[in-house]
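As written, the chain order gives the labels A, B, C and D, with residue 1 at the start of each chain.
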Amino acid sequence: MKTMSYTEALREALAAEMKRDDCVILLGEDIGRYGGAFGVTRSLLDRFGPQRVINTPISELSFVGAAVGAAMMGMRPVVEIMFMDFITLAMDPIVNMAAKLRYVFGDQARCPLVIRTVAGGGRCYGPTHSQSLEAWFVHTPGLKVVAPSTPADAQGLLISAIRDDNPVIFIEHKMLYNTKGPVPVPACRPVPFGRARRISRGSHITIVSWSWMACQTEIAAAMLREEGIEADAMDMRTLSPLDIEAVVESVKLTGRLLIVQEACRTGGVAAEIAARVFEAAHDYLNAPIRRVAGPDVPLSASPVLENAAMPDAERIVAAAMELVNFR
Amino acid sequence: MKKANRATLIGYYRTMVVIRRFEEAVEQLFARGVIRGTTHPSSGQEAVAVGSCAALGKNDYITSTHRGHGHFIARGADPRRIMAELFGKSSGYSHGRGGSQIMADFRLGFLGSNGITGSGLAIATGAGLAMKLQGRRSVVLCFFGDGAASQGTFHESLNMASLWKLPVIYLCENNLYAMSSPVAETVSVPHIAQRAEAYGMKGVIVDGNDVLAVRDAVAQSCFRARNGNGPELIECKTYRLSGHSRGDPRIYRTREEEALWHQRDPILRFRTWLIDNGFLDKAEAKKIESGAARIVASAVRFARTSSDPDPDAMCRGLFA
Amino acid sequence: MKTMSYTEALREALAAEMKRDDCVILLGEDIGRYGGAFGVTRSLLDRFGPQRVINTPISELSFVGAAVGAAMMGMRPVVEIMFMDFITLAMDPIVNMAAKLRYVFGDQARCPLVIRTVAGGGRCYGPTHSQSLEAWFVHTPGLKVVAPSTPADAQGLLISAIRDDNPVIFIEHKMLYNTKGPVPVPACRPVPFGRARRISRGSHITIVSWSWMACQTEIAAAMLREEGIEADAMDMRTLSPLDIEAVVESVKLTGRLLIVQEACRTGGVAAEIAARVFEAAHDYLNAPIRRVAGPDVPLSASPVLENAAMPDAERIVAAAMELVNFR
Amino acid sequence: MKKANRATLIGYYRTMVVIRRFEEAVEQLFARGVIRGTTHPSSGQEAVAVGSCAALGKNDYITSTHRGHGHFIARGADPRRIMAELFGKSSGYSHGRGGSQIMADFRLGFLGSNGITGSGLAIATGAGLAMKLQGRRSVVLCFFGDGAASQGTFHESLNMASLWKLPVIYLCENNLYAMSSPVAETVSVPHIAQRAEAYGMKGVIVDGNDVLAVRDAVAQSCFRARNGNGPELIECKTYRLSGHSRGDPRIYRTREEEALWHQRDPILRFRTWLIDNGFLDKAEAKKIESGAARIVASAVRFARTSSDPDPDAMCRGLFA
């Protein structure tokens, strides 16, 4: 194990996969010398050259479309969308092309495409640079959706994403880039999709989250422990596929479920998890399923407002306490 | 028109006639309610499809549009499997999942027709990028319409392809209408090919109803692209003789205009030219025409007798 | 009351509002002489002229963006997106501009914009002409989302949408255009947002749906009645705002909830409804909440496959029976 | 340069200096961690902002970009409320909800700066459409960058505006870089103004560091647009003297290049010209400069002492 940052872990994964497979190329705005807005691709241009690390014009729609075309021809493009908010410009090739290719064209077609992008608030970047839009992609059959919260998972899941023959929406978080954690050495190792990671074990309440909220959940679990509450906390890690079995199993033991999402409440992934758990474990629930989520408004640039909007460990603790004390 | 091998010329003619018969049959089948869904026939545009595909090599690639049957047949696809796709059968190119607008055969280098106007432009650009990165000498031929030329992706794709000198031929089939909209109402300059300059790219205007002119123009562009000179934009002026899609009342254009273009029918024109130049006589022509009818009839039979896809397998095959 | 088709009802609403207010303009592809792909705007060019009925080039991103700009300047644009699948190209101006304008710019800003579009399957138009994407917009704060199922609601809700000072995603359905029903005469009357319409009254089960699925639910309710099951069936009509109170109230009486959505199951609006009802009426539920929904794959062009994928009255009946017989 | 009223010229100078001081203060406040989030300073581009706004009338409109402080100040916005917005205070133009990139004042005809590169192009087009439909003689000035020129909406917007003869001036501030990307790597022709032709539109290239040249070019385009001649595309060649955004190490360009452009600093240039032509003496210039510093200092004070927005009101105001 080696301690490194989320950014470094991602960069190592990119470098390792580029070394391993010539078909892996990077495409995106300012990913060359600049290294991308958050520095993830820094140094890769020098190491792999401009044929592999391709700076694009500001043309999200078409460089994503082109990546789909390149993927169809055997390349393995890893595209960076600088902020997830800008993925709004590239929904067509993602949804109408990448997600449907294999299903419609059958065995002849593959679309090994990774779209890396940055979601979430916390940096006061304002309403068009802070959105968490994972729910749209979870609602799009044919895509895989990944949202790691630790350096190790960022690295392992990015490796899996690059090796996957299907389009993957790979969601990073601006608050995570500088976080550090242990990462397996020497070799980069893939982390499989569809398996939640247990943050803490407990029998009083199940808490489920992903991305930056998984870090908040980890803090919350520690705070709850001090209150004598043992939370069975899980980081979903991938949202498509979704490890609903792990959640259901846990809920069967705890009887209580809290789901934490940063995205605005209405229509988020938490609703889907709630619906599925209720379908599968109706009998076991001793309390309503609760969601801690962002409010149904845009995220503001003002630190005070952003802070008030974003779920955090304290809000998770408060909701968990309420739920544990339910009836 | 340049000198050419007789068999090759006859081959063009045969393919053009097959496409026309195919589209006519499809229109009838829709009108009679045998096929459901929708379709976009390419009658009148056969010279573009056949001429441009004639200029390609085996290792080249094509991206097509919603109006793709002609492109696909010209590239060598099996009319039976196209028809079966229209019938929604499991023997169709997309096993009934795509329908008229969405078919592909990667072994033929046919990367797919497409339901989203303009979306092939970026796909072709990416395929061109792959060719360049893989060091291959293949070119990518990207069909799109005059309507698609107004999509932002036209601009983004041509800009990137020019910057990166990709081997892509952007071939605009300007059939004067985007659905009901005359090109003058959707494109702010007289010729779409003019826009090539805005990308530092060569733009070419061709009579799209002249199969040999199309072939030669595409061949020249391919030659340059294959040799690293980057992308080009070819505008083929043509006309769709049929309606836009099934059940189009064609209220947006006059019968006189249509009659004019029927006189310029690329098939009749080529037929006359072949006969005038001694490549074909009327009896042979008739034979080719009835041969085409047989091919299409057999395609319909194949489609009709093929089995439906299995609904129980509906959820399979989403992922590779 | 007068009997008219859904298409006619929509057209009458457009015409009435255009007559009432000069600021109302229509924008879209082939909406002029052609009358739009489904004929909704037929005759309006003749009646209102090319200054009011504006045929656009195929430029979804920018004519929607332009409509936002025009709305900011006091116009009331009603935009037609020919198929909802193409709205993928216009997500940026909708999500990053229209939805956020008022919140960010405050009182000075208004965005009275209606985006009419056509969702759903049933016509064998294939994977890129059949999607039901309402969930994306329900998950976008700042938008209203409307999905009427009857001619009267289509008319009344379109009037409300046009008069609303906020952006409205107005979702029509290709299977509904030719359906007929009574519409109030002589005057066009607005139908308020946020109130579900009761399809049938009953105490055995609550069934909730919208758009084309509401028609299937109506048929299902009749079939269930023959089996002695009285369904409390509701057409949500608007998804944002969502009349969750009506659903909760009904569930408190019936103890059973079935939600019917055409969109693919995972991450759809049904999940949100389920989550909210469970949050609010946990105690009253005597059975798991069930969702009848489209499968998590693209909709095929083949009639056999499309038919197998789309929920219909029979599947609704089957699910309802199961739910009523639960435990 | 044309003859001009002294007070007017001095006014331009004053505004340019205010903008520069404002941006410098903002950069410092970010560097010191007083302000959070991000910002895009417009130092070096003041001649474009001030020159073009000088050509507009009271009833004209503007759409801006992520780099909008200069445009906004040039249009007459209150620097105090801009600064307060950067501080995330309730007295800011967007009450702390927008931040550096998203502010508007509709009474000033300032329709908003914008966080999405290129998105103002369509907004301006729609505003122009509204002007035309409402029979007003207003024009809309649309600022965008060389990077934004690669977005599809550039193509779609200019095409529509040309077709519909809308009174929109598309003004490209070509500052040679889109973030870290040199314009030659993102735009496939030497001049973005060349692309005007592809839309049947007039394209103009201007020295964007010459405030009077910018003013005159914009005035002429406005005159034509106002009289129904439709949109025009103006490319102002300029340079951003600061980093792209907060904390930009500027590794993508050389210090020599920067030094060159510092010599062409539009403020120094205009100052020299004003003095050389007897419109200004050094003492007056100093006075203006210290006046600007005072304005900015007062803006910072205002921002600092303003109150935070009320988090309890966070969910209000989503709908009209």
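Criterion: a contact is a pair of C-beta atoms (placed from the backbone, for glycine too) under 8 Å apart; a residue touches a chain by one contact, two chains touch by 3 or more.
This one's a predicted model, so the numbers in the text were calculated from it and none came from an experiment.
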Ask   = Taking mean CA positions as centres, which chain lies farthest from subunit C?
value = D
Task = Express in whole angstrom the distance between the two chain centres, defined as the mean CA positions of subunit A and subunit C.
result = 30
Request  = State, to the nearest whole Å, the distance from the C-alpha centre of subunit B to the C-alpha centre of subunit D.
outcome  = 46
Approximate Å spacing (C-alpha centroids) for the pair subunit B, subunit C = 36
Key: Contacts with two or more other chains, residues of subunit C listed in rising order   = 56-57, 59, 61-62, 85-86, 89, 92, 96, 103-104, 127-128, 141-142, 295-298
Key: Touching two or more other chains - residues of subunit D   = 94, 97-98, 102, 114-116, 150-153, 156, 159, 163, 185-187, 318
Query = When you draw the chains as points and link the ones that touch, which shape shows up: line, ring, star, complete, or other?
reply = complete
Query = What residues of subunit D sit close enough to touch subunit C in their complex?
reply = 61, 63, 94-95, 97-98, 102, 104-107, 111-112, 114-116, 119, 121-131, 133-134, 152-153, 156-157, 159-160, 163-164, 317-320
Request  = Would you pull the subunit D residues touching subunit A in the complex into a rising list?
outcome  = 36-38, 85, 88-89, 92, 94, 96-102, 114-118, 147-148, 150-152, 178-181, 185-187, 251-252, 308-309, 311, 314-315, 318
Request  = Within their complex, state which residues of subunit C touch subunit B.
outcome  = 29-30, 32-34, 37, 55-62, 85-86, 89, 123-129, 295-298, 300-305, 307-309
Request  = Under the touch definition given earlier, write down the residues of subunit A that touch subunit C in their complex.
outcome  = 61, 85-86, 88-89, 91-92, 94-96, 99-100, 103-104, 127-128, 131, 133, 135-136, 138-139, 141-142, 240, 242, 263-264, 266-272, 274-276, 278-279, 282, 285, 287-291, 295-298
Note = Listed in rising order, the residues of subunit B that touch subunit D in the complex are 150-156, 158-159, 162-163, 185-189, 194-195, 197-201
